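Look at the two complexes coming up: chain A is in both, with chain B in one and chain C in the other.
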Partner chain A sequence: MNAALALVVRDLRLALRTPAETLTILAFFVIAATLFAFGIGPEPQALARVATGIVWVVALLACLISLDRLFQSEADDGSLDQLVLAPASLELLVLAKCLAQWLTTALPLIVVSPIVATMLQLPAQGYATLLLTLLLGTPSLSLFGAIGAALSVGARKGGALLALIVLPLYIPVLIFAVAAVEAQIAGLSPRPHLFLLAGFGVFALTITPFAAAAALRQASE
Partner chain B sequence: MDSNPTAGLKGRALACRRGGRTVFQALDLRATPGDLLVLRGANGAGKSSLLRVLAGLLAPAAGTLDWDGEAIGEDPAAHRARLAFIAHTDALKPTLTLAEHLHFHAALRGASGTNVAAALDAFGLAALADTPARFLSQGQRRRAALARLLAAPAPLWLLDEPTNGLDAPSVDALARAVARHRAAGGVVVAATHLEFAGASARTLTLGAA
Partner chain C sequence: MNWHRYASPANFKRLSDRLMPWTAGGAAVFLAIGVWTGLFASPADYQQGETVRIMYVHVPAAWMSMFVYANLAVAGAAALVWRHPLAEVAGRAIAPVGAAFTFLCLVTGSLWGKPMWGTWWVWDARLTSVLILFFVYLAYMALNSAFDEPERGARASAVLALVGAINLPIIKFSVDWWNTLHQPASITRLDAPAVDPSMLVPLFAMAVGFTFFFLAVALVRIRAELLERRLEALRHARVAGSTIVERA
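Up next is the complex of A and B:
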């Protein structure tokens, strides 16, 4: 347990010492959402219709970009061997990496998302649910992303491979999240969708440690 | 412990295949407590592969590998806990200081971190404890990697070209650390071209072809 905690602290420290990485992801999030606003036009109704979907798709892509280096950076400098050889269970260390990734990428995105939503004219009654779906859904993005990141360690064009592995797994998260916000805006209960989102998160939490740890052991042969 | 005939590391008829090519086969090795086993062989003879097999990172294609008479595959976690592996890479993050690296390594291995200062001192790095790794020279980076051996003690040291980039005083520092480790009953397996270890080392030559 101490080993996992030490890994979280180390990754947070690394992120704080190179804030440019987190800031680049945030800038991508804001700029890509702005592009949609320009592309669709200034008409508030048109933007409001698609605001939830845009926030979620752009957040999902921003998360994907940050995952590219999750394990590859460890493999490049040899740290991966030390992680695999630690007496602590590699499954636990994988979860520690996911937690640190979520704290340094997804959490800043969630904090900035109301500003982006305002720009996209999201109806006022949708904000609280949007934030809730992001809080419930982004852990799944980090967890499933970790499987893809572990599988693409050492692969050429790892980033493209990562997107191919991970994006299909993100589809259910996107569907449930957007459906919850849409239901809230339409005056219906978002609860069924939120429960499905949370359930999917539990599913991600159960399979990720084992799948990613197995992939990392394979990568460090 | 020395009287135990099965104590230490013992490999029988080990074989390793990588990418469909047989790297080595029918390899026997033995290292009892206090032993230094030096791996020799041309580039590509399989020294690094053998070290990865001994670390349990790579499963041997054939043969058995025991520690104190028990197959290491029986309890991989126990084997991981008893070994320290210094690969040819230094595993340093540019923005972390040396002290942070060693404290993290100790925590990762379940050690307390009380040995960190002594580990830095043993490799002449005490003055660089608060220096981020990106400002270090090649030799200093290598010494920082080797300081891990002392920051989190383990009975079995697996060293892949530990003297790469080291100057003569640093090679001496490593030789002293290895001698102390052996005197305390530790086992060292090292792939190296240098005679840093002095006498009384066993030698295993790979790929004699």
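Up next is the complex of A and C:
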């Protein structure tokens, strides 16, 4: 437990010392969302219709591009072998890495997302649910992303491969999150979708430590 | 039964030599029956007309896409738990076959959907989950060949196969959980199938034929994979040998 906590603190400290990485991902989030405004056109009705989907897709892609360093930097400097050999359980350390990744990538995205949603003319009654879906859904993105990142450590074609592995796993999160916000905007209850989103998060939390730890053990063999 | 006996390539070759005529012959016989009854000896549907015949390819291909994935997941578990070398080879060998079945299922479904639903594609739960299955197959194949050491690719993709297995129940029950355009199960239900026997004959003949075809192709591909590995090992040995000679 202490080792896991130390790992979270280490990753947070690293992120604070190189804020450029987090800021780059935030900039990507805003710029990519802006592209959609240009691509679809500035009509408020057209943008409002797709705002939820754009915020979510772009947040998902921003999470994705932050993933390829998740374990690769450890593998490059050799500390991955130390993590695998450490007396602490590797499953717990994987969760620590996910938590740190979520705090340094997803949380800033969530903070910025209302601004992006405003730019995209999201209807006012959707904001609270959008934030709630992001809070409920992004942990699943970090967790499933960790599986993909652990599987592709040392792979020849890292980035595109990671996207191919992780994006199919992200689709359910995207579907339920967007459905919840759309239901809220349409005046229906978003609760069933939110429960499914939360359930998916529990599922991700259950399998990620084992799958990612198994992958990391092979990577350091 | 001692499965590790078949881990040795020589034993596997003997086994596959014995099985090959049966699987290939079974595929030929059942596919011939299925094509004949499906195209000529079965009635057109009262609603779907002649397009119902697409179903004799579409439904077995859909079953196979999930059956092959289940095999892939089992092979992945065997590769991870017992480090069974044949399981690694089998996973690598059958993944493209499963992807091909999934693709066939999507294409035939699309061809059937255009006249029946009036659209090539809808974002229906069943269609979407099968599309995700196709993506998972692609990811499996990409991950499998993404490393310099084939063992690492085999183990990594085995983990992915197990994680992706969550999609199988989603595909199966998608038509019950989300009531969308794709029709619910009409064959695998608790009461009698909702399909006329004259149409069940070609359907099952094609399904059995597809299964035998898969087994035959899997055997050929696993053997080819084993030979390729052997070739690679010989090549390595040769390179190693020549450097020793140069040094001496």
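As a working rule, the second predicted complex is superposed on the first by the 221 of 221 C-alpha atoms of A that agree within 3 Å, B and C clash if a C-alpha of one lies under 4 Å from a C-alpha of the other, contacts with A are read in each partner's own complex, and residues count from 1 in each chain.
The rule is short, and it goes like this: contacts are C-beta pairs under 8 Å (C-beta built on N, C-alpha and C of every residue); 3 or more make two chains touch, one makes a residue touch a chain.
Bear in mind that the values here come from a model prediction, so they are computed numbers and not experimental data.
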Task: Partner chain(s) touched by A:219 [first = chain B, second = chain C, both, neither] - done: second
- [ ] Considering only touches as defined above, state whether A:2 meets chain B (first), chain C (second), both or neither.
- [x] first
TODO: For A:83, decide between first (touching chain B), second (touching chain C), both and neither.
DONE: first
Open item on the list: I'd like to check the shared interface: which positions of chain A are touched by both chain B and chain C across the two complexes?
Closed with: 221
Task: Residue numbers on chain A that touch chain B, as the complex places them - done: 2-3, 5-7, 9-10, 13-14, 17-18, 77-79, 81-89, 217, 220-221
TODO: Give every residue of chain B touching chain A within the complex, in rising order.
DONE: 52, 55-59, 77, 80-81, 83, 85, 87-93, 95-96, 100, 103-105, 107-110, 132
Open item on the list: Going by the contact rule set out above, which residues of chain C touch chain A in the complex?
Closed with: 80, 128, 132, 135-136, 138-139, 142-143, 146-148, 152, 155-157, 159-160, 162-164, 166-167
- [ ] In the complex, go through chain A and note every residue touching chain C.
- [x] 147, 151-152, 154-157, 161, 164-165, 167-169, 171, 203, 207, 211, 214-215, 218-219, 221
